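Following are the structures in question.
In what follows, chain A forms one complex with chain B and a second complex with chain C.
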Partner chain A sequence: MHVNLVDQYVRGTSTIHRLDTRVKVTATLLLILSVSLMPAGKWVAFAFLWAITLVLTAAAGIPIGSVLRRSLIALPFALAALTLLVTVPGPPLLELPRVGWTVSEPGLVRFASILLKSWLSVQIAIILAATTHLTDLLWALNSLHVPRLLIAIISFMYRYLFVLAGEGFRMARARQARSAAPAGSQSTGGNLAWRARVTGWMVGQLFLRSYERSERVYQAMAARGYRGQIRRLDPPPLSPRDLMLGALPVTAYAVILAAANWC
Partner chain B sequence: MLKNVSHHTIDVTGLNFSYPDGHQALQSVSLYVSPGEKVALVGPNGAGKSTLMLHLNGILRPSAGLVRVGGLQVTEHNLGKIRAWVGLVFQDPDDQLFSPTVFDDVAFGPLHMRLGAEEVRQRVRSALAAVHMSEYPERLSHHLSMGEKKRIAIATVLAMDPLILVLDEPTAGLDPRSRRSLIRLLAELPQTMLVASHDMHLVAELFHRMVIMDKGQIVADGVTESIMDDTDLLEAHGLESPCH
Partner chain C sequence: MIGSILSALPLHIPDGFLTAPVALIGWLFVLLLIGWALRQTREQLGERQVPLMGILAAFIFAAQMLNFPVAGGTSGHMLGGALSAIVLGPWAAVLIMTCVVAVQALLFQDGGLLVLGWNILNMGVLTAFTGYFVYQGARKMLGNTRRAILIAGFVGGWLSVMVGAIATAVELAVSRTSPLGVALPAMAAVHSLIGIGEGLITAAALAFIAQTRPDLLRFSARPPATRSAGWVWGGLLIALVVTLFSPWASPSPDGLERVAEDQGFLAKGLDPLYQILPDYTVPLVKSEAGATILAGVVGVLLVFGIAYGVAWLRRARPSSS
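Now for the complex of A and B:
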């Protein structure tokens, strides 16, 4: 049984796909950093940043529609900034009926900027995820000296997500297969409380199985010489061409950021 | 010390093992496997086969008795050497293949033997070639079929250049074609081999010698053909002769 969890990776051969993953990771972090340093309310600068992001998306050959759709995932998190609308002091824009809170103009500007910033940052991260396979990403994180324990956790998670999803799926199917209905009844499988209880058991089962599996995986690692320290091959040297290509969008972003601060 | 390698034997004497919950899994097990010999280990579920195998590279330690591999006693001190000599392949390849890509998994053993980068790459190449999976290094483990996973699992230990292969249920869960090609692969490999299996056809076809375990003890050890003819013995331990 094979569960197809959707990978973020989009197969391709664009320059961005082939760029050294270390350069990509560093550039992505720098781009996100400059987005978050952008002062609030500089709408023209935001438009420029977005234009560059769109150019990068097109250059990577990723459908822009899918990037925009996926980037909506940022919205729920940005809602945390909603309180800014009523807490930032300034000229009142409108008064909320009944609760009596006033929305201020600078509050609205700050909120909209945060919304834009998170939306832009997610788009930049999506470009990285769509052009880089997770295994390459792990390798790059390793050569950028991210702690190996952290990388090992991510890589196990990636590997066993599929195994776990498969197990969960099989259990759900087994429950379905035994959820018969009495003759004449339309619904199968009992009421909501019953379903909730069965789901609880399944989660518990899944945990126990994963726990036992972790024991066996550890044995398999120990059998091949693991003594508590993950070892990896050393990365090859960085090419100057990749470094320059990575510096391009970062410089563009930095220039816009500087312009927005001085104008 | 150095030339101990020349006799890659398995030598278990009077092995007892109890799990922490008190369950006695092995009772005075003694087994000698000579260099290059291929031995089948059969017996019902829970007979102690896997427990015995886990002793052969020191994952479990005897409660009493002695385990020697390649002439060396399995101790904390010898663990590094012994784990390089004994390739242990687990029953479920999803336990054996824990890295995202096939390359990472096959390279895991050599890397932990602290070999150089070029040597590691070379070993991965030849191990994948040995199991006829040379095209696979970049593949993701979770996208492989069961038969492919089993082969890669064997490659992960072949890359360590072991003298002894210990395999748990190598043909379990395989369709007839993958099973057939795996049997061919096992016949090709030159290592000393101890293989636990319920697949009596595999045992009859590949192994000259078989050992039956039941309730933590070795109850029969001899030439496969004559044991397979002894239907009473087989039945007494919940086994079936492949001819019926």
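Now for the complex of A and C:
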């Protein structure tokens, strides 16, 4: 299997790894919520928030470098906010030569704040993903009242993801093996429409294989007594220690948020 | 570089780009819709629901990895909302895409967690309903030939991406992250190209399925009268999204030359891919191409209107005779 979906740090044993997943999910959402409620331009507060995420990262035993590398994923979307630089009115900071745009100070502040918020949120989400197995995550979402059927569908998806991704990879390799090109040439196969068509056929083929597989899987399940019910153990009670540990970073974030709003 | 930026300019909104109230409104919509979709598919599929939806969600995930080189390091691949909606019906597609988008956010941080509601709406709900209704409408007009499947599939796939992109631009504008006059033409221009890949793959995949397992396409060939609830809900949803945000639309039509250029650019289609970035940066000029927005929105509404109207006529016929 070539698709590595299981995070390499998930198997750790830190306090954060062992924290009740329900607490972890709730805390993650609250942390991201407080980041998104931060007023723009409060750099000191942002620095404090970042320090806390760094502490959490270190406590989870995830290398900070790997978190930072992964946190760049949201960067290209910064393009979407780039226009704030020149559209927000305010004292001019910088004249762009030739095009005649002026970068305003409040524009820069808002742009940088959005980037910081996005960057912090991604880091918080990485800590959750890197310390929690998806199975546990789904189980926690289930006890947090996400519809049981949806959870069942996602767990099925996760179970067969590797099978179907492998199937897709084999098809892609077969196409590659049959698409010869002169050395150094970028284009393989025919023109763009041809390439798109072949990809479309592959997608159609993959769909049929998936559909037929789902029928076989269902029949196998029905033969073993499946009647549309997914059974699960009841969740264990929340321990006060886990609740307290989860409340720690949330409280810290809330205090910083309040301070940033009042000062 | 250009290619990597382009293919990384997706519809997955990260956290931080939408304000908290906007993000929460998205969750509200999506929770209602998912609840409804679960009920609808349960009625259709019964106990087959979980294995079928789960495995097809995995299929979409895998199919998104199948890509083909376009130009300049860009690669085309598909989102899959339109294809799954055309084959399985919009509600099944909503569920499938919800799972895909949610797992992408949870495992890979591809799209934020707080804004997940909107990401599901943009990439799951809107693409599914657009693809489904446009395909249905086009098939009603074009008949039952292979050509009709290809054209309807292409238009459905292309428009599904466009509607997703337009919705993303509107959400960014409501959050005051980017003025609508800039975000909308930019998103629409980029995704009018990305959408071509979606359209071509959707059409080819449909043609393939029609040839090998035509029985699977029966769902989309069924008369809509039996699923009138789906039509009403879909129409309602789209009207809702459009009207909800219309107050923020501030069209300032003083960029007519620019519009002409945009139109020419769109018509030229595929080959000059390097022109995209200029097209992306030029909209930085302040008030911009408000007419493009209007044209885009009107165009989308028109297609919906035609699809809906034709289907309505077809539905009315048997009851009158």
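Note that the second predicted complex is superposed on the first by the 206 of 263 C-alpha atoms of A that agree within 3 Å, B and C clash if a C-alpha of one lies under 4 Å from a C-alpha of the other, contacts with A are read in each partner's own complex, and residues count from 1 in each chain.
Rule of thumb we're sticking to: a contact is a pair of C-beta atoms (placed from the backbone, for glycine too) under 8 Å apart; a residue touches a chain by one contact, two chains touch by 3 or more.
Since the structure is predicted, the reported quantities are computational estimates derived from the model, not experimental observations.
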Tell me which partner A:Leu79 touches in the superposition: chain B (first), chain C (second), both or neither. second
May I ask you to decide whether A:Leu192 touches chain B, chain C, both, or neither, giving the answer as first, second, both or neither? second
Which partner, chain B or chain C, touches the larger number of chain A residues? C
In the overlay, answer first, second, both or neither for which of chain B and chain C A:Arg231 touches. first
When the two structures are overlaid on chain A, which partner does A:Thr135 contact: first (chain B), second (chain C), both, or neither? first
Quick one: is A:Ala247 in contact with chain B, with chain C, with both, or with neither? Answer first, second, both or neither. neither
Could you look at A:Val109 and tell me whether it touches chain B, chain C, both or neither (first, second, both, neither)? neither
Could you say whether A:Ala40 touches chain B, chain C, both of them, or neither, answering first, second, both or neither? neither
Counting only touches as set out at the top, which of chain B and chain C does A:Ala223 meet: first, second, both, neither? first
Intersection of the chain A residues that touch chain B with those that touch chain C: 134, 155-156, 158-160, 163, 213, 217, 221-222, 226-227
Which chain A residues qualify as touching chain C in the complex? 5, 7, 28-29, 32-33, 35-37, 70-71, 73-74, 76-77, 79-84, 86-87, 101, 114-122, 125-126, 128-129, 134, 137, 147, 149-150, 152-161, 163-165, 167-169, 171-172, 186-188, 192-193, 195-208, 210-211, 213-215, 217-218, 221-222, 226-228, 230
Chain B residues within the chain A interface of the complex: 54, 57, 59, 80, 83-84, 86, 88, 90, 92, 94-101, 104, 107-109, 111-114, 117, 120-121, 140-143, 156-157, 160
Chain C residues within the chain A interface of the complex: 4-5, 8-9, 12-20, 23, 34-35, 38, 42, 46-59, 61-63, 65-71, 76-78, 83, 87, 95, 98-100, 102-103, 105-110, 112-114, 172, 177-179, 182-183, 187, 197, 200-209, 212-213, 216, 270, 280, 283-286
Chain A contacts chain B in the complex at 2, 134-135, 138, 155-156, 158-160, 162-163, 213, 216-217, 219-227, 231-234
